[in-house]
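What follows is a group of structures, each given as structure tokens.
Paired with chain B in one complex and with chain C in the other, chain A is shared by the two complexes that follow.
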Partner chain A sequence: MSNEELTARVYGVFRKVFKNEGISVHRETTAKDIAGWDSITHLDIISGMEEEFDVEITGFEVMNMSNVGDLYDLLTQKLAE
Partner chain B sequence: MTVISSILQQVQQHPNAKSITLGAETWTYAQLYQKSMAVSSSLQAQGIKNTSVGLFTDNQLEMYAGLLGIWLSGNAYVPINHKFPKERLDKIVQERHLQHVLCQSASSSEVRDLVAALQPIFYTDEVTELQVAEPYSLAYTLFTSGSTGVPKGIPIGHDHLLALMQDMWERYPLSSGNKVLQAFELSFDVSIACVLLAWTQGAELVVADLNGITAINAFKAIHDHQVDFVTLPPSALFYLRRLKMLKMTQPWVTKTLFTGEALPYSVVQEWLTCAVNSTVDNAYGPTEGTVWSMIDALDDSIESQLMNGLCPIGQPLKTIDMRIVDEKGMDVKEGEQGELWIGGPQIFHGYLGQPEKTMEVLFQDTTGIYWYKTGDIVFKNAFGKVMYVNRKDNQVQVNGYRVELGEVEHHLRQCVGHDAGVVLAQQENGVTALFAFVEGTAEEQLVLAAMREKVPGYMLPRNVFSVPQFPINTSGKIDKQTLRKNYLT
Partner chain C sequence: MVFQSWSYVGFLLITILVVRLTSASWRWLPLLLASLFFYSLTHWGAFVILLFSIFYTYFTAIRVSGSAHMSIRYRWLLLSIIGQVLILGVFKYLGFFNGVMQGVYALLHKGDWNDWPLLVLPLGISFFTFQSMGYVFDVYYKIRKPEMHLGKYALFVSFFPQIQSGPIGRSKEMMPQWTSISLPSFEQYRWAIQLFVWGLLKKFVVADRLGNYVDEAYDTVGSMGTWVWLFILVLYTVQLYADFSAYSDMAIASARMLGIHIPENFAFPYKANNITDFWRRWHLSLSGWLRDYIYTPLLFSKKKWKKWAVVYAIGITFVICGIWHGASMTFVWFGVVQAMILICEMFTKDRRLVWAEQWGRTYQWASVVLTFWVISFCFILFRADDMYQVAGVLADMGQWNSSLLTTYLAEKNISRLMGILFLLTMFLWGDERWDRWIKQPQMSMNKSVLAISLMLTVLMVLGVFGKNDFIYFQF
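Right, the complex of A and B next:
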């Protein structure tokens, strides 16, 4: 999968979770940057990524994510496995 | 005596003990005092006294020094939660007549955007005023959901906090060897109980990151710092289970306090597979009664006490009186259901600027004791413990926060521009979520975008359903059961 495709699909999940087509997400984006990004939406993002990419993400992996870039890197790593 | 003097006593007795930890950063009690006195100096130098000061809640160590510093300067704090929409913060500022907000200089632009009316006061390390001011009678004001769309301000005084702590000190004696988890927003009153449990007894407060999934961050803090005193909402287990965290045992946890939501016993059982050495208490209380009013220490008889799988809320704290009454305000017979009224020195003295709302729920008896009508329907079981049954109104708990469905409906109707809007709460895997229904056609994205400007995240519906025509029941009202059946099952 190309980086462009991965990026597009990651951002697609964000748009779906936040029900906002115009949402702006980049590697440095954190939960602080988007209104309404709380525990339940964070879990929706994780679940959405698991479904979109057919991978499993554990809480220990979630613990180590500090921004969208970390999520992107984790997905890249899982898809390469 | 106040909780402030108790904290200062700990500073004197254990200056080198750890007072607070967040991630890799730790302050001793001496450092906490130094930072807090710097805040106090700033406020005193500007002549700010006997009033309320906004406290910008970025959950940094400085914010906790800010809380104590505001108290040391003879003022009270009002959390300015940066996760709340501007419109809600504006109402809080207006209701409490705030003029100042304490924040980091790095947050100044965010603070200006959110609460432009407030003058920022920045943290400093400079201590210019060595005197601790006489405490203000008020400790904090928290704002909770109000059915009319205006948040209700609940002022809590130092005498209320001291009454709470009289029970806490006896029930949960801690010392400098203990580590207390703090995983709640400052705008939620359980946070101050966690802070005081630690700081008034010389224990270490371990603060969890509050961004992302709070339950996961709390678990990380418990694990990384080997926390022994843990307070969590029951819904935290949903996240830990879903993300497969419970396989990692946390043997250092010796006490777990579940609070903020009804406690299913299945949650306790699951948690104890992880916190293998912990005892569990269930703590209940409305903000009006100063954090907690009833606590149940779960014992061997718990399985025979469950109702619908839920644990009892137990018995009143030592400073709380309790009555269970019928619709006429008469005590019900032993074992019968009725509304829970709580009284005593922990009970607030009225909502801020809302005398009519206050009169509905608060009264003083002939001896001068304040009584609060909780709106919770309960009964006393055969073990003498109180069981929660349901609410007598439209209030629900979402992530521990109290939400009046009427308030969410008020904003929903404003956003869609007509009166045909309904909000229902539904439990999904132990987590309560809100769902909005609009008669006719509503663009979900646009409605949610408009609501984000008005309500905090925990009050935002997960979905907005467009319903061609609302079903009506035999009383001529919107048939919520049918809506629930047709859209949520």
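Right, the complex of A and C next:
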């Protein structure tokens, strides 16, 4: 999967979870940068990514993420396995 | 040695002087020696427990990181956490355990339970064990590498401005600071002195003054009726915040004078518009700790349960939050009630968003007022000695008898009560304004001197002196 496709699909999950077509997400984005990104939303984002990419993300991996860039990297690594 | 004493001021000044005379890379050493000396004054037994806790978590964290196998890492983590929980259990919760066993024995008609002897309760044990547990979790989650320098790790656990009542430090924020400690500038010292005096003012003028009325009310439950109790509930809600935020400000100010940055512990909690928001503003170092090390792992361990995973995680997290505060059923119930409210809020989130859009500022104001009252009622569980006293307060609150209010007003001198109401209004209305003004980094010299002089004058005129401890010392 190309980087552009990965980015577009990750972006799609964020739009769906936040119900916001114009949402702006980049590698440095953290939960503090987007209003309404609480733990329940976080759960929806992770579950959304799992469904979208057919991968499993563990609690340990979630604890290691500090921004959207870490999520991209994790997905890239999982899709390459 | 409490912050609001001359001996502490002297101790802090000597430490600042020695730190200033030491080179940047060695400043951790006088800080460590000062911290160990500071804690050793509490009780020799408590000091031994602190040392044990430091060594135990230092070595187990190295073992956690030493293995590539997740299962072995996990076993070492478990061993480390169980050890720390046992320390907490033995030294803090034995009395609670005895109480539970007495109840069980009475229920089963098995005679009397022979109480296990109580041991020394080390000051700040809940704070330093959580701080060191957080570090071991960070190593396990690979958020940081283990600290190999025992002295610097010992300083992280025992740093004297934090050890008695927090804020609970996080390894990724605190430990990098030990490497090279920069000396504060003149402006930074001035800023820290302002903050320290602001803490003294909140403690002596607000918290301890209101505390006298609250203590009296809880000592004579049964004779006050609805209106007086509503007044007392507000007083305690403000007292608790003023007391704990005063302590936190003085801890932050002390650390800043030594060149160390400690994050804020409060974000104007009584501006919260629901209880979820309240926990994002109240005791930030504890709520952040619980969120990162208890709530999130629990939530994601059951993520297939969707919303029920949240119910599960909130339930367990807030029972732990309650028990952390004290070895009593009142705190367990405090946690349970918080969890129930948070779960209700989660299920009504969408509906409340619609209301917020429909009613705008009116809804916002009504939510803030309602949240304040809800938390004031919850704090009965926080303040009462036991569940019998909670029941007594609630029963007394059921007496809608206005003559009880008239009697109270006559007894307490109405002009004094008006003064208290004025103090409350000033504090609640001006909390954010005062706080931001005091903490502004670029205040001119003249303004700063004026602010410190004004606060000292208010402190001397209106301060209530005599009470020594902060409320959170009991935790």
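Here is the rule we go by: the second predicted complex is superposed on the first by the 81 of 81 C-alpha atoms of A that agree within 3 Å, B and C clash if a C-alpha of one lies under 4 Å from a C-alpha of the other, contacts with A are read in each partner's own complex, and residues count from 1 in each chain.
As a convention for this text, a contact is a pair of C-beta atoms (placed from the backbone, for glycine too) under 8 Å apart; a residue touches a chain by one contact, two chains touch by 3 or more.
What you see is a predicted model; the values in this text were computed from it and never measured.
Within the superposed three-chain model, A:A31 lies in touch with chain B and out of touch with chain C [touch as defined at top]. In the superposed pair of complexes, A:I46 makes contact with chain B and with chain C alike.
Between chain B and chain C, B contacts the larger number of chain A residues. In the superposition on chain A, A:F60 makes contact with both chain B and chain C.
When the two complexes are overlaid on their common chain A, residue A:N20 makes contact with chain B while staying clear of chain C.
Looking at chain A, you'll find residues 38-40, 43, 46, 58-60, 62-63 touch chain B in one structure and chain C in the other.
Against chain B, in their complex, chain A makes its touches with residues 19-21, 30-32, 35-43, 46, 57-60, 62-63, 65. Partner chain A is touched in their complex by these residues of chain C: 70, 141-143, 276, 291-292, 295-297, 299-301, 303, 306-307, 309-310, 346. The residues of chain A lying in touch with chain C in their complex are 38-40, 43, 46-47, 58-60, 62-64. Chain contact summary for the complex, chain B toward chain A: residues 82-83, 85, 211-217, 219-220, 239-240, 242-245, 248, 399, 431, 433, 444-445, 448-449, 452, 457-458, 460, 462.
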